[in-house]
Amino acid sequence: MSNKQKQLLELKNLCKHYPIRKGLLSRIAGYVYAVDGVSFSIYEGETLGLVGESGCGKSTVGRTILRLIDPTAGEILWRGERIDELSRTEMRPFRKEIQAVFQDPYSSLNPRMRAADIVSEPLRNFEQLSQAEGRERVSELFALVGLRPDQMLRYPHEFSGGQRQRLGIARALSVKPKLIMCDEPVSALDVSVQAQVINLLGDLQQEFGVSYLFIAHDLAVVKHISHRIAVMYLGRVVELATTNELFEQPSHPYTEALLSAVPIPDPTRQRKQIVLGGDVPSPINRPSGCHFHTRCIYAQARCKVEEPKLEEISPGHFVACHFKLNT
Amino acid sequence: MSQATGKSILEVKDLRTYFYTRDGVVRSVDGVSFSISEGETLAIVGESGCGKSVTSLSLLRLIPSPPGKIVSGSVLYHGKDLLKLSEDEMRDIRGDKISMIFQEPMTSLNPVLTVGRQISEVLELHRHCTKEQAHERILELLKLVNISEPERRINEYPHQLSGGMRQRIMIAMALACDPEILIADEPTTALDVTIQAQILNLIRELRDRTRAAIILITHDLGVVAEMAQRVVVMYAGRKVEEASVFDLFAKPMHPYTLGLLNSMPRLDDSSSKRLVEIPGMVPSMRTEIVGCAFAPRCSKASERCLLESPVLKDYGNEHWVACWNPVEVSRDKA
Amino acid sequence: MINNSTMNRVDWPAQVSKIRLFLTVQLPALYKRYPFAVIGAATLLLMIFIAIFAPFLATVDPQAVAPLNRLKPPSWEYWFGTDALGRDVYSRVMYGTRVSLTVGISVAVLSTVIGLAIGLITGFVRWVDAIVMRIMDGLMSIPSILLAIALMALTKASIENVIIAITIAEVPRVVRLVRSLVLGLREQPYVEAAAASGTPLLKTLLRHILPNIAAPLLVQATYICASAMITEAILSFIGAGTPPNIPSWGNIMAESRSLFQIAGYLILFPSIFLSATVLAVNYLGDGLRDALDPRLSRRM
């Protein structure tokens, strides 16, 4: 699959370290290693799911790709061109191709702007449109995301959470981007509304061939919508595989534990649950070697000392572990 | 799973809690009845705004009194109506016989008191312990909830602990006086999934050990399947279905329950077909709802549904449904 | 679909009925919800009316000296009495409205505009922030009255200088407000979304930041207006404000300072007007704050 399709985005060893300043002179007392060497690619028309628990850095990765945050190190390549060191003005043209949908439907829309203006903002940044043309394009977008065009002139607070998220999606779609970074787009929505938005995203991908970087913590949602999934822990990717393979043959102990921890809505199923001990370590003082060794049930001496690299164990399936689980 | 003995210890009858706001009356809980037996785990499930949290707060009379008011109904605890007790008598019950753990461990613990102090407060209030006796019990409780280095933790402040640990402290506080009923309001919603697994595991262990009855409020049907024996489904302030957990998942009868189950993406489902959506959205609670609250979104709605509010009916094996056109066949596992 | 061309023509019958709707339906509803704010707004409008039409409302020339009529108590001829020089207090108070309102509104507008500009820059440019905020903190540590007095001591007395002096004293508070609002807004997801949409910085400022700080700024402006009116009165009272030949409420009170035991009405009437106006503006500000606070008003 990967060779035939065009590669849109490539991350090479992306790092984002936040300095912690203490004291009168603001000395650097340490770093928050939010993202620490992340590499993956996204191809045309696919959805790459990015999962992990809080503090793993997945949101930071998404924001860095959009250059809302500047990376500390590493490369971001968009269709072969480096975009990690561009200035704000130089980055502008790329914003037509990479867009975003944010998590909180309540604060990701300007409360004092009308829906039509919110949705057409990216469009108007790049094209000169007359009032009439603008209204028409917004109408089309509204129809695409399942909203009634007669609500165009309303304010965000007049819409429900699910509808606001649709507005956010319409906004992202307005410039016909090639990649949309979705940062927890359904986490703040009720279950019955989640399905609507998930279906909508799937439909839009079918129709326009847009790719998604789908960042979420809900594994069931990610499984449903992604073609490939990357699992992150403490700033690093620990496993990357196609959806089917990840769920059928998880090779990293963390992935295995994560999968077994998700409650399944079926009371008849008795599973062997792997309950991880301890808490997620802080991204400031990370454990040595493999960051997961403090909670890993398979940990050995080597894991404390040596950091495992991401290796390909079968075509398209990457794992960062010294003792990959084989099934 | 722990066995419920069948003896009912808490009976909620036709509870109604309304909020009187400037924009109208919000009927958060609009005629809800259920009961819980000794040692049973009852889950109340529903989406945001359905009234499940308000129900649990009403049981302990923790509703802020303007603008909220428990308008009618009764909450019979061992035959005594909690809604008719004085505030002093109620305070005796809270934390002692019936205790509660909340969703946000960050804000439910007092940031300026040490952990030990907060737990001992509960003990001093209800058990009239001395400081030494309390200290022993606190250590016992911290070990019970699997907190490492309990001696050290007693003197730590909430901000020094992780989310999972804070939730354990809350559980320790709630269990300090061996309550008969534990109300857990979305206890793991704010936690990471691996920590959630730890906490749910802990609650199951403690349940077996202490034989406490648990009222579990959640929106996550997976958590319900893992923890509950009986389930109450709420929608727009009303109870729409109640059944044993096995019956609910195998034969959901209310269209809303069925819709919820079908619209959830599942880990154990290998097909990636489109999710079945429930069209529309939850009705505004500010206007009085005539007829069935779910009717506007229901594919099986009939004339009667729009006019008459459905009554709860027992379809066998204590499976109650409030619907004029319930789903009769067992769910299609597509 | 809404058609643009139909919306541009002015529809007079519709406008008239809009006014009627306002007076009969919306105003009473507003009064029911924010009674004090409506009273405050009405009082303020009355004062503005007086200020504009002072020449018609005054019965005699406020500067006209008539020593034969001095220190007469309020009567049918001299509604508020006369002062030590025989001038009609009522007419002077009417004209005094002009000074107070001019100073109050000018200071409010000027300090808001200047404070907004400085606050925006400090909110976005970090090194400017460090320098400017230290200056602002320094200015704020001096009580605003003393600061105004000190500034007035450096120049000659005139209304313009009074306005400038009080503005300088009030600007730091506005800067601090704007700065904290801007810093908060920059973190809002919708501002991030604007950046992700390719919106240039200036447009972000205009479309996203400004509209969302307008409300608290407006409320702050009303409080500044009230504060400025009092400051002007104090300055005039101690002789450091409006030149004595221009009647202002503070001046009127100042001139009669030593006489108030025998002619209390000389202080009474200007102070009633001053208090009423300041109170009205404060009520209006409170009402605006309640009405515009997004948390208290509409929910989703």
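Structure notes:
Here the chain labels run A, B and C in written order, and each chain numbers its own residues starting at 1.
Basically, a contact is a pair of C-beta atoms (placed from the backbone, for glycine too) under 8 Å apart; a residue touches a chain by one contact, two chains touch by 3 or more.
Not measured: the values here are computed from a predicted model.
Within the contact network of the assembly, the step distance from chain B to chain C comes to 2. Relative to the C-alpha centre of chain B, the farthest chain centre belongs to C. Per-chain Cα centroids separate chain B from chain C by 53 Å.
Between the CA-based centres of chain A and chain C the separation comes to 50 Å, rounded to the whole angstrom. The distance from the centre of chain A to the centre of chain B, each centre being the mean of the chain's C-alpha atoms, comes to 32 Å.
Across the assembly, chain A contributes residues 160 that each touch 2 or more other chains. Chain B makes touch with chain A in their complex at residues 47-48, 162-165, 192-198, 200-201, 219-226, 245-246, 249-250, 259-261, 263-268, 272, 274-279, 281-282.
Partner chain B is touched in their complex by these residues of chain A: 53-54, 160, 162-163, 190-196, 198-199, 202, 217, 219-221, 223-225, 247, 257-269, 273, 275-277, 279-280. Only residues 1-2, 4, 188-190, 192-201, 203, 207-208, 211-212, 294, 298-300 of chain C touch chain A when the two sit together in their complex. The touching residues of chain A, counted against chain C in their complex, run 63, 66, 68, 88, 92, 95-96, 99-100, 102-104, 106-113, 121-122, 125-126, 131-132, 135, 139, 149-150, 153, 157, 159-161, 168, 171, 175.
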